[in-house]
Amino acid sequence: MLVLDNVDAHYGKSHVLHGVSIEVRAGEVVGLLGRNGVGKTTTLKAIMGMARRTGGRITFEGRDLHGVPPHGLAGLGIAWVPEERRIFRLLTVLENLRTGLDRPGVTPARREELLEKVYAYFPILKERRNQAGGTLSGGEQQMLAIARAMVLEPKIILLDEPTEGLMPRMVAQIQEIVHALHREGVAILLVEQNVPLTLDAAGRVYIMEKGTVRHHASSAELRADQRVIHEYLGV
Amino acid sequence: MTATLAASPRSPARGYWIGFAVVVALLLIAPLVLPPFWQRFVTEILIWGLLAMSSDILIGYTGMVSFGHSAFFGLGMYGAAAALLTIKPPSLWLAILYGLVGAGAIAVFVAYFATRLRDIYFAISTLVFSQIFYVIIFTWTEVTGGENGLTFRQPALSILGWSDRFTPTTFHWFALAVVLVSYLLVRRITRSPFGMVLQSIRENEPRTRAIGYHVERYKIVAVMLSGLFAGLAGVLYAIQNKFAAPDFVFFVVSGEVVIFNVMGGMGTLVGPFAGAAFFLLLREGLSRFLTEYYLIPVGIIFIIMVIFLPQGLLGFLRRRLNA
Amino acid sequence: MDQILIQTLHGLVNGMVLAMVASGLTLIFGIMDIVNFAHGDLLMLGAFVGASVLGVTGNYWLALLAAAVVIAVLGAALQVTTLRPLIGRDPLTTILATFGVSLVLQKYALWQWGPSVRQISEPVRGDFTLFHLQYPWYRIVTAILAGLIIAALWLFLKYGKFGIWIRATTQDRVMAQAMGIPVPLVYTAVFAIGSAMAAASGVLFGPFAGVTQTMGFDFTLRAFIVVVVGGMGNLGGSILASIFVSLLEAYAAIVVSPAQAVIVSFIVLVLTMLFRPTGLFVPTPK
């Protein structure tokens, strides 16, 4: 469904991605592992049209994303949960969700449904719905970021390091959410540094190093042979 | 001027000087072959070009947009007026001195703010300052003549004992000499290590600061230089026209200066002259058909240039001229 | 004492009109980092359009509405043609472009309406008596209207889908786009709203001093000052600053001539930039 074919990308003058090829099929959870700075986030940014793609193609459901304006991606079914979460700090929780709910083609009834659904997943958000996004804790902001992506009813979610800086209890909660989304049939491209979580959640994993994909295997294979993980991530 | 530059890749410096000599020669004989109206026109291009060049030091080299150059220009005018009205017999050199001092004083004031404010805030404050001076000059009628300004007699051109009244031709040559000297001076400065630092500030101020340069000091000097040459242009204009008027301190002049810079090419020093010539010629040509509405098409041309040709007419020379 | 009372009223009324102008300017700056040099000229064109419509229909309110709508469309057209191509470039270029637009608009107004001063007759006649002083009713009405319009703007931003889109885009353009918010459309709409507010201000201010094609520059200058003093992008701040500066100017006019009282606002700006560059009415950032 989402295919990166030999993608090169530049950030300003630096050449950060070299021939990256990744595929995420419908309903799949695919992991993207690698040390800090290898280009995992940049890969997601390239998909979102934020890094300058200088080579290769990125297609979604067969359609080349090249000509699609940045605000058109959500409509195609691609949702993004960035590394820094990027909650609209001065908007309330509810207003944050509304940026995704107020799409054309969504009936008021459906909006209510989606809202109730994310409140069911994240009761704390319902509690804090009239609070400004900036007043939420780190974990709560992460939940809001994910909820915001969910109300877009996406076909794929680009999840960038959702567990970074979170307490173990929250990490477990994130793990559950990923499982739940998978059960619903939402594809996920999961960028993470947390190896066990990734191997548990994802069926296949790509490992990146220095701006390119070095290894690609199923989680089962990687679990069986820990050496690969050691080699690329040093854990 | 530009054709020879493009044609000699072997020795760009030589091409430049050849072009330069050609232009100067043309400007020298201009008053002798042109009818009086056009003669005056060329002299005015020189003066406005000088003003725009002074602005280029800031806009083109240091990356600081000034919307207040009319203040320096105006103070140069009024400074010269002060000398020519208070000191008998009227002395050319004192007029220049007073004008430079007047412009310089304002420049010090503006320079102080230059170092504390960045980009937009600096631009807005230069606009505000020139308006402050406009209001002061406009309302302080006893000293400045208020909205009528001041009129005075033209001083004699006196050099080393020899003295004679100006004729339009000799004034033109005088102005040309002043402009040439100014241009060569500024060119020397911008090509010096000092000038390189200014350009570095324009490209990346935080990095320049991080390397260890005292950015504030450089900016202050840049503003002073810019103000002084702008004041000099004001002195020339005052002497040519024998008056000083608040209209020239009004924002419109600052705006036109910016237009000359953008149209001619920022960061080239010669661009401003080309920009001034281009604008003034357009104005001359179009106002015959459109009277005061010439600014509508000229304004549109300006906007189109900002969007599609931001480097201006001579901007492509920037690298060559500053290498 | 009488003088002070009258000047206070002047200051408040002028402050409210200025607040309307500044609101549009700060909204535009806050969302797309554009310093709209032509803002005052949009006000001026609005005043002319209003004067013309008033001349034809005799109805002040219709003139106010027509001016706002026409200039909103003009503003949108300007943004799409001259400012959209400049997105992502050096902010300096937008100042230059809007400066160019300002020149063209001024001369166009001269061409279209001629050099004589147009009048906009006041919507309400009569004076209102405060103690033993008379003060024209229409000025009070103007101030109230300006206040209502600003309040309407504030409500629009706070509630309503579009208000959320505007606020989200102002805070984080990239994330707003990622959420599917059509940012280019939002930019155009905000510029149109700002232009409409400027135009309405022009019609409101029309009865005060007549309509000329240079009236815009003064407003642009004052609005810049007030936006900086209030904190760029800060709506509440620019409103407070407008009233503050206008009151100071009004009081200064008791002592010096009105032409010179303008300097007061300049001084306030200079002091603000030196000591509180983020704005006088903005809490000091920690």
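Points to keep in mind about this one:
Per-chain residue numbering starts at 1, and chain names A, B and C are given in the order in which the chains are listed.
Everything that follows uses one rule, which is that contacts are C-beta pairs under 8 Å (C-beta built on N, C-alpha and C of every residue); 3 or more make two chains touch, one makes a residue touch a chain.
Quick caveat, the model's predicted, so the values are computed rather than measured.
Looking at subunit A and subunit B, the chains in contact with each of them are C.
The leading chain pair by number of C-beta pairs in contact is B-C. Centrality by C-alpha centroid: the chain sitting nearest the overall protein C-alpha mean is C.
A centroid comparison over C-alpha atoms places B as the chain most distant from subunit A. The centroid of the Cα atoms in subunit A and the matching centroid in subunit B are 56 Å apart.
Centroids of subunit A and subunit C (each the mean of its C-alpha atoms) stand 43 Å apart. Averaged C-alpha coordinates put the centre of subunit B at 33 Å from the centre of subunit C. Across the complex, subunit A is touched by residues 161, 164-165, 167-168, 171-172, 174-184 of subunit C. In the complex of the two chains, the subunit C residues touching subunit B come out as 35, 82, 85-86, 89, 91-93, 95-97, 99-101, 103-104, 106-108, 110-111, 217, 221, 224-225, 228, 257, 259-260, 262-263, 266, 269-270, 273-274, 277.
Considering their complex, residues 48, 50, 69-75, 79-80, 82, 86, 88-91, 95, 98-100, 102-103, 148, 152 of subunit A touch subunit C. Partner subunit C is touched in their complex by these residues of subunit B: 65, 113, 116-117, 119-121, 123-125, 127-129, 131-132, 135-136, 138-139, 251, 255, 258-259, 262, 292-293, 295-296, 298-300, 302-303, 306-307, 310.
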